[in-house]
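As structure tokens, here come the structures.
In the two complexes that follow, subunit A is the common piece, with subunit B as its partner first and subunit C second.
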Partner chain A sequence: MKIGKNNFKTVLFFTAPALIIYTLIVFIPIIWSSVYSLFDWNGIGSMKFVGFNNFVRLFTRDREFLPALGHTVIYTVAQIVLQVFVGLLLAFLLSSIPKLRSFFQTLYYVPVVISSVAICQIFEKLMSLQPLGLINSILGAINPAWYDIKWLTDVNLCLGSAAFVEGYKYMAMYMVIFYAALLSVPDDLTEAAKIDGANGFRIAWNVKIPYIRHVIVANCVLVLNGSLRAYDIPYLLTGGGPGNCAQLLSPYMYKQAFSSMKYGYGSAVAVMIVLISLVFATVFRRIFERED
Partner chain B sequence: MVNIGEELKAMDMYDAYNGGCLDFLKFDDGSLYLFPDGRFAELFWYWTDDFKELGLEAPTTWNEFVDCCAALKEAGKEPIAMAGSESWQSLRYVSFMPWVTSGGEFINKLKTGEIKYEEDEVAVKGTELLYTLASNEYFVKGYESTNYADNINNFANHAASISYFGPNDLSEDMQAKYENGEIGFFPVPYVDGMEDDQMNIPVHTGKAWGINQESYDEELQRFFEFFVKHHTQYSMARGVYSPLDEEGDSSNMPKVMMDVLEYLEKVEKGWVSWDDKLDPATITTSGELGIELSQALIDPETFREEMDLSIEENAAALLLLQCIAPEFPVGAPGRKGTGNRQLQKYI
Partner chain C sequence: MQQSSRLKKRRISTFLLYCLAILVLLIMVYPFFYTAMSAFKTPEEFVSKPQYALPAGFYLGNIKYVLLESDNPRYFLNSLIILVCVLIPVLLFGSMAAFAICKLKFKGQRLMLSYFLMGLMIPLQVCLIPLYLTFGKLHLTDNMLGVILPQIAFDFPYTIYLFTNFFKFLPNEVLESCVLDGCSPFKMYSVVVVPMAKNVFLTLATMNGIFCWNEFVFAYTFTSSKKLQTVTLGLRDFVGMYGATDWGRTFTTITLTILPTFILYFFLSKYMLAGMTEGAVKG
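The block that comes next holds the complex of A and B.
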């Protein structure tokens, strides 16, 4: 489509504010971090240019970076399952009930509006061992050995616990998006399927899901990017966990830059987070666009 | 920054301050650029009935401490309540032994790489102490995710027999129990075979104040002198200890605070916090390692090796920082010959 001179001004008028804000708060900091990542700097003294040494060190000598990347990938997959697929399931259930839809929609949405700190405090108490929290009290009543499950400090469990809490908090947000998308599925499609003898599952699987496929892909990309940069819930709940068993990339970046005062090295981790997010999102979109 | 030490001497008040409090804030060269906010102590608290039931005495050495824990565990009690989610609590157990025997000598040598961890026998014992307590499950169930406030609550609820915290954190209910003889306290135990007359109660100043030299005009100077001369009155009114060794109106102070104060007056050696002595990267690493050791996820050898490795990699940054900012509050080797030689070695 050709954009005329007047149209171009209109396009510029509408896109310029977002573009300027995006440039100021996203693009320039990324460039800035990229520059810092080439230096050895403690935040106070002079900066020493080290080229790509920080990046080489990340992949060759850093014993925490690759495990943190692995944890982040696991965490991201868990978020896609919990937020996208469970969110989609909840949207189907919500759209299938004839009454009280608004009530359940609001009820499910409550965790989204509660602050992360409050959610973490609630789950810390629920998963506590001393005093005994509600979750272990119930599990212990079924099997006494389950009284002592260390949800937040067991090296094998704490990453999963943090992933569950984050998934629980945000799944309703995607449920609402899916719910709106499901309402947009034309009735004549579902009616036609019904006439052809399709049951509820077949209608959902063969009619509704393909129709809202682009929404599912968009939500997956949103969750993917959000999870690769996850910080608050895993950090507040586990603090990286014992032995850094639940360390994710963003808290690791914070630790290097602001706790260990290695601003250059922390910036290198930040640049890697940007690159990894870009690569994951691009690959994800390409796969689904090709299938289209 | 204003040289607080010189100002206090000019007011003839330097010697009125508790030696332990000033010692806590002094740089390695003995200079004092920070003013103590108060005097805070840390002690071990215990439920006396648990000890009496098993015929135990308050331990005076670390071997006795471990024996007490073993006896309590065997009797089906939870020996120690600890804030396992807070790294400083784990580091306390690692640092008790070297502090009791030599104050800050070990950590001040370790932080610049002057010695390796393995070279200090007592410091090695300190790491083994924490591992022993953790691997024998002497810490209360669920301590791994417990914070400081919950730790005190656990002790107050008698979920464990012993805990380590400050007398300021005792609730009114616990103060009453102390007065009834249900709760007692004991100072940090000695290392076996190295007992002496020193009173081992970690004393620190809580917050500390610095004064900007540029703002320090005649009026501020007069205010500062007024404050110094009324510091005890100000502290006692808040129900906390004054950093000065002088008597004040103690009507607001509960009995337990007054009893602990008697011990504090004998303290001349300030507490040495490891979490502000090391370079920033090693502080972070030591905290993580401390938590791992307190859960017996790593052995003491790994703790020591990782500490040495982190100091080797990062101590140069600390020394550089001190040369750039000589008043950087982690000690001041950069201003002395030793530090400069160390720095040249690293460069």
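The block that comes next holds the complex of A and C.
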């Protein structure tokens, strides 16, 4: 049911402000980005139409794009593990303690509300070597060889360090969602399983996880989308890392567009990010929702 | 006998779970505790003592410097102005659009909702290049408006989504009786709907407020002069200048920039957490 007759002007009054701002700033630029991606353009001179050449170049002649894509995939898998898997474990932990749940939940959530810039600065200090940061001084006390683990400048470690910090920041966000979902599991389901003699682990695995399955899939898609476009943490923490060992797609797009002034080429990378996100999310949903 | 041993086993496992919960708590909170306590350390303490040592006393030199001699107060003011200019339009226009989508009658309502929700799937990086070029022509780069407008636009999808989720369940009888009393849609929105949706407004104000305070990409891309920098940009520059040498001042700056979010969060965490679960479990 809707209220009375509404003339066009009333509807316009309510919807126009949001509609106009949103269209101008979100919708139209997407179209422009797709258009730019077909041109060779530095922003000042004339635009030269090159068709799909930018995309062909990305996959055939660009030495940084494919490694960046590879790093992004690794980064995304790490985020699924940290945010979805660990997040789910934390939600189980919360729901299995009898008291103080909201106390723990509120404090676990703290990293989510802190800015990425602050988190990165803090971790830069924690992982520092000169002067010795907290993490290495603790590790070094256990084994002196660990005093000089170069978390942020070692070619093999910097991508992992950035992935860890990103996971650390957002983990609790998914924990909160899983926790709410776990609370929605009806008591009679778990009671029935208990009467059948199932232990806590079996109840979690055979009753609760299947029940909240759609939340798990939805969260995976959210994490997938979030990490395929991850920008601030990898950029701020590693700046691409030595020899671009931690370069991801979004910072790479940024670099092409705003440092090298290749707006057309940068737009092609941006369009690829959207396409990859859509493909991954669709494939993921297909695989996991088909069985329902 | 068996009963008591089972009870004992249960107690032990509960105890272990609490130990685990406290361990996780340490991991999640200790870095921020460490940051805050390091703000009170003297420069010598960073060199002579291990990192985890507590400060010897309440050394206030760092705080004095950051508050009185650095540019940080200006960054705070900038961020505050941006916060207000983002929150008011987002909440006002967002709730108005959601109200129309849920409760007014017009063609294309569903389409309009999907159009807004599409924004949830769009990575903002796609819009960055065209926005940068357009803003350049309109003289909106290096202008606060250039940081404010994109944040408003990108906050709409989520804001409208949560508002529609709430307005859907507003009883139509209440609104109908308003109509019978001769109430116009404008009056209905402002006198009936907004007061009923107070909690949703609080939730969205908390979430969008924290996102806005922490915003980095738009401010970084669209502003260049120092006098327009926000706290996040200021923090990054400050650390770039002093980070390697002066840890005390760095930690003080970090502490001061995260303090407002901390305070806001601890008073309104209930609303923030409600918004998170509301948005995702149903979505």
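Of note:
Please note the rule applied: the second predicted complex is superposed on the first by the 265 of 292 C-alpha atoms of A that agree within 3 Å, B and C clash if a C-alpha of one lies under 4 Å from a C-alpha of the other, contacts with A are read in each partner's own complex, and residues count from 1 in each chain.
We adopt the following convention: a residue touches a chain if its C-beta (ideal position, glycine included) is under 8 Å from a C-beta of that chain, and two chains touch if they have at least 3 such contacts.
Here the structure is a predicted model, which means the values were calculated and not measured.
Of the two partner chains placed around the shared chain by superposition, subunit B is the only one that A:L152 touches, whereas subunit C remains out of contact. In the superposition on chain A, contact is made by A:M261 with subunit B only, not with subunit C. Contacts of A:Y231 after superposition on the shared chain: subunit C is touched, whereas subunit B is not.
When both complexes are overlaid on chain A, the residue A:E124 reaches subunit B and subunit C alike. By the touch criterion stated above, A:P98 is placed in contact with subunit C alone, subunit B being left untouched. In the superposed model, A:I44 makes contact with subunit B only, not with subunit C. Which of subunit B and subunit C touches more residues of subunit A is settled by the count: it is C. Looking at the shared chain after the overlay, A:P17 reaches subunit C, while subunit B stays out of its contact range. 124, 131 are the residues of subunit A that lie in the contact sets of both subunit B and subunit C, per the superposition on chain A. On subunit A, the positions that touch subunit B within their shared complex are 42, 44-45, 124, 127-131, 148, 150, 152-153, 155, 239-240, 242-244, 255, 259-262. Across the complex, subunit C is touched by residues 1-6, 8, 10-11, 13-15, 17-19, 21-22, 24-30, 32-33, 36, 43, 90, 93-94, 96-98, 100, 104-111, 113-118, 121-126, 131-134, 137-138, 172-173, 176-177, 179-181, 184, 215, 218-219, 222, 225, 228-229, 231-232, 236, 250, 253-254, 257-258, 263, 266-267, 270-271, 273-274, 277-278, 281 of subunit A. Within the complex formed with subunit A, the residues of subunit C that make contact are 14, 17-18, 20-21, 24-25, 28-29, 31-32, 34-35, 46-47, 50-52, 89, 92-94, 96-97, 99-101, 103-106, 112, 115-116, 119, 121-134, 149-150, 152-154, 156-157, 160, 172, 175-176, 179, 185-186, 188-189, 210, 213-214, 216-217, 221, 231-233, 235-236, 239, 243, 247, 250-251, 254, 257-258, 261-262, 265-266, 269, 272-273, 276-277, 280-281, 283.
Of all residues in subunit B, only 84-85, 140-146, 150, 154, 157, 159, 280-281, 283-285, 288, 291-292, 295, 297-298, 314, 317, 320-321, 324-325 touch subunit A in the complex they form.
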